[in-house]
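I have a structure here, written as structure tokens, and I will follow up with some questions on it.
Labels for the chains are A, B, C and D, by order of writing; each one numbers its residues from 1.
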Amino acid sequence: QKPLLIIAGPCVIEDERMIRETALRLADLASTHEFQLVFKSSFDKANRTSIDSFRGPGLEKGLEILKIVHDETGLPVTTDLHLPEQAEAVAEVCAILQIPAFLARQTDLIAAASEAAVKHSRVVNIKKPQFVAPEDVIHAVRKCEYLNQNDVLLTERGTTFGYGRLVNDFQCIPIMQDMGCPVIYDATHSVQRPGGSTTGGAREMVPTLARGAVACGCDGVFMETHPNPDKALSDGPNQIRLEDMPTILEQLTQIRTLVNSFTEST
Amino acid sequence: QKPLLIIAGPCVIEDERMIRETALRLADLASTHEFQLVFKSSFDKANRTSIDSFRGPGLEKGLEILKIVHDETGLPVTTDLHLPEQAEAVAEVCAILQIPAFLARQTDLIAAASEAAVKHSRVVNIKKPQFVAPEDVIHAVRKCEYLNQNDVLLTERGTTFGYGRLVNDFQCIPIMQDMGCPVIYDATHSVQRPGGSTTGGAREMVPTLARGAVACGCDGVFMETHPNPDKALSDGPNQIRLEDMPTILEQLTQIRTLVNSFTEST
Amino acid sequence: QKPLLIIAGPCVIEDERMIRETALRLADLASTHEFQLVFKSSFDKANRTSIDSFRGPGLEKGLEILKIVHDETGLPVTTDLHLPEQAEAVAEVCAILQIPAFLARQTDLIAAASEAAVKHSRVVNIKKPQFVAPEDVIHAVRKCEYLNQNDVLLTERGTTFGYGRLVNDFQCIPIMQDMGCPVIYDATHSVQRPGGSTTGGAREMVPTLARGAVACGCDGVFMETHPNPDKALSDGPNQIRLEDMPTILEQLTQIRTLVNSFTEST
Amino acid sequence: QKPLLIIAGPCVIEDERMIRETALRLADLASTHEFQLVFKSSFDKANRTSIDSFRGPGLEKGLEILKIVHDETGLPVTTDLHLPEQAEAVAEVCAILQIPAFLARQTDLIAAASEAAVKHSRVVNIKKPQFVAPEDVIHAVRKCEYLNQNDVLLTERGTTFGYGRLVNDFQCIPIMQDMGCPVIYDATHSVQRPGGSTTGGAREMVPTLARGAVACGCDGVFMETHPNPDKALSDGPNQIRLEDMPTILEQLTQIRTLVNSFTEST
């Protein structure tokens, strides 16, 4: 039975020291638990609400830091790309190439990521766009397969639900798994309020929904975590405090083990 | 720690024998598991799609059968009412008076149910309408409280999501619990396709989503079950085969126990 | 070419004098314009948010006042009913029996309204529920037809769009007209915010959307109007000031005439 | 009073001859009507459902053909761009640079388009993403303004409404106009069914909804048109037959004139 895949890290690479410290603590956690950990952080927040918001260190410096994380901790790393020309560089460093939800219909980006992933034996992780039905993600999967990239993850990160709110349809999980792809539940972005209004309760919802997704059978959970979310340069209200991760991950692992036992006995 | 509340039974009272047999088997299950069982079946499907569909035995005969079930099995029973004048008769027999989602804004129905519930020390179970935000169910709760009915359950049964589809927003569960009411997850109606189109996969989604809801912390699960769903006179494609209930309920109970252990340790 | 049907009046019957004065002014307007006017006001707001809100004068007194309006102005009148037993009394006075959106799936209510409408040669006006696709309103229409009530209006009053907001899908208009029923656009309730939050801009949206609906080919427009909306006992923020009705109705009539000319020339 | 802006043309540049012929016929129409016409066609469909679908002639060849159209007909032309590096070339030829809905949050694309537009005195047309509230488009507008691009159009092209369907919220029109931007109604993409299912009725809905949008006060209408939509290489079911354009545009112009007269008299 495959253990749960946990993709975690700060939303954006704020600086090298903070990233390395966070990664080391996550690596510690992973070494004593039954889940697989992949470290994630973004080198560029390419679609911030404001043009003058902090975006990150950029491709080159960002990948350099992710490579240090990988070398230092042994953890596989992942990040998101925004333009076709970034794929090759990302695939050199990252085990998983993440396609942002808004861009998951851009054929050239999927193609470039697939080609680089094939070359470097990497995984492509497609985030289901907020405006796409789970059934229709098959079209993005087929673009990958057309280019011989068969190792595809799909991520549920919420679906547009009226204005200013997302909803998770957990029926997505089995529907997308039926495409032959493991499904990751992105708990952090699922509780975002599009448009930027924030609410105090978002962070508290993250572990609740993550527990639900694991019980529904998802293969992995994505969660942003930060040593000090209230000072985070992006996505602060939704990031989990690093100090809360041990308990949350312990609980998710226990649910996973229980749910795995159901399948075994069937 | 409170055990899970399971509300189960055939969608509609088709005939006395079938109802009694189903109830006996559910009572057997309840006696060997750590959940509380309430038997539910409807005396009248008052909002069928077609005017000439089977609706049930009606108030009098229906309550007579539910009383037999209660006397024979010791199980508490519940049913849904549609008109204020039905409240008193329902409260004489049923431990829980269920307010249908479409009618949960009708003040006179809530008032009649509350008054009868107060008189007979019953519970009122309000199904969150498909068109109402979880935050706004507070208005229905307050109508009950205004009439001194403080024992109120709230049921999540899916929210309108475009045409012809519902979605469960599991954030509903903690939001509605914060009103001081236990929250039931209605897995059967959550997978219904409004408009009547049916799909083969609906029944398979029921246990998946129920597991998710229990992991999110809901207090109970509502599931329709039928000895032979393919011959059911209503809601066939969504009802669980009675023979599958032991496994499903066993799994839900185990998730509940695990989730309870998280809270204890906090 | 049929003129536009305008259904208008204060949300609820607040008192006899105010209703009569409003009706007289609307009748004046109707006498000088090319639209058909039906006066509407409710005798009971049966699903107010709070149990202690003003609900209206009740069935008997309300119908008495509507009868006075009819006798005094010659205008046909309409109101909404909530329980089957109200149908006969309503049909004695009202040219159109309005089925509230939340109740449009209740078979007994549709049946009682249809039977009374057949007996008194009245029209039944079914408001499309917020949770129903336009295609699926056919089931309610068929219930009427099953009882020989073939004179059915359908009203678009907005569809659930996430939490706390409605949206008008103007594709509803031709879709529902294809069922052989004239379609009324309810501009007032379409701008309501479910849950009760009100916004300053709602009233300003009413004429804008009404113009759009008429240009899309709807057969009529429903608009609540009040001599002093800021003091209205219900739905204040969405009701049109009576003094603004002449301009709005004049504009709608002109759009109707223009749109009619398109059809003629086809 | 400003005349209606019509943006029209075939979905994609299929070949030079067909584009020139279509443009000539549209220019003829424009010369005898009171609307402003901008010719639109895409050089690259960058987000087709399948990787092997026809995408168009590409940037260089596509702009060459659009330049011929402009030189031959005198019509301003517009097209959509997908990558920041395309902005300068597009701005050399096109009066309006169109930002696709899926990409309207990509800061670098908006920035590149704005900078090129400032340099060449062009307009930027931002399509409101399907997953964004009208209020929140202000953030994209501000990114333009930050770079001194103040000539911004906003296009309503439908909002995600459940799976597989879009809905137009015509309240968008005044809401987005309040940002100081003219609002275009994209009738073609508003009737698309996301996921690729097509229905016979979509093309018939286009003029109906366009009439509604003009009556609601939009400043322009976008409509794809093709000499033979059933043979179109993209978006066939939604494109208007070129032969139907005269009637549709005549009607929209008449509604515009009527609606303009309302404003004048206020």
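Heads up, the rule we're going with is that a contact is a pair of C-beta atoms (placed from the backbone, for glycine too) under 8 Å apart; a residue touches a chain by one contact, two chains touch by 3 or more.
Note that the structure is a prediction, hence the values are computed from the model and not measured.
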Quiz item: Smallest number of touch links from subunit B to reach subunit D?
Solution: 1
Quiz prompt | Both-way neighbours, i.e. chains that touch subunit B and touch subunit A | solution = C, D
Practice problem: Work out the mean Cα position per chain and let me know which chain is farthest from subunit B. | Solution: D
Quiz item: If you list every residue number at the subunit A and subunit D contact, are more than half found on both copies (same) or fewer than half (different)?
Solution: same
Practice problem: Round to the nearest whole Å and give the separation of the Cα centres of subunit B and subunit C. | Solution: 34
Quiz item: If you average the Cα atoms of subunit A and of subunit C to get two centres, how far apart are those centres in Å?
Solution: 49
Exercise. Check each residue of subunit D and list the ones that touch at least two other chains.
Key: 159, 161, 163-164
Quiz item: So that we know how the chains sit together, what is the shape of their touch graph: line, ring, star, complete or other?
Solution: complete
Quiz prompt | Residues of subunit D defined as touching subunit A within the complex | solution = 46-52, 55, 82-83, 102-103, 105-108, 110-111, 129-136, 139, 142-143, 146-147, 159-160, 163-164, 194-196
Quiz item: Which subunit A residues qualify as touching subunit C in the complex?
Solution: 161-165
Quiz item: Which part of subunit A faces subunit B closely enough to touch in the complex?
Solution: 159, 161, 167-171, 173-174, 191, 204-205, 208-209, 211-217, 251, 254-255, 258-259, 262
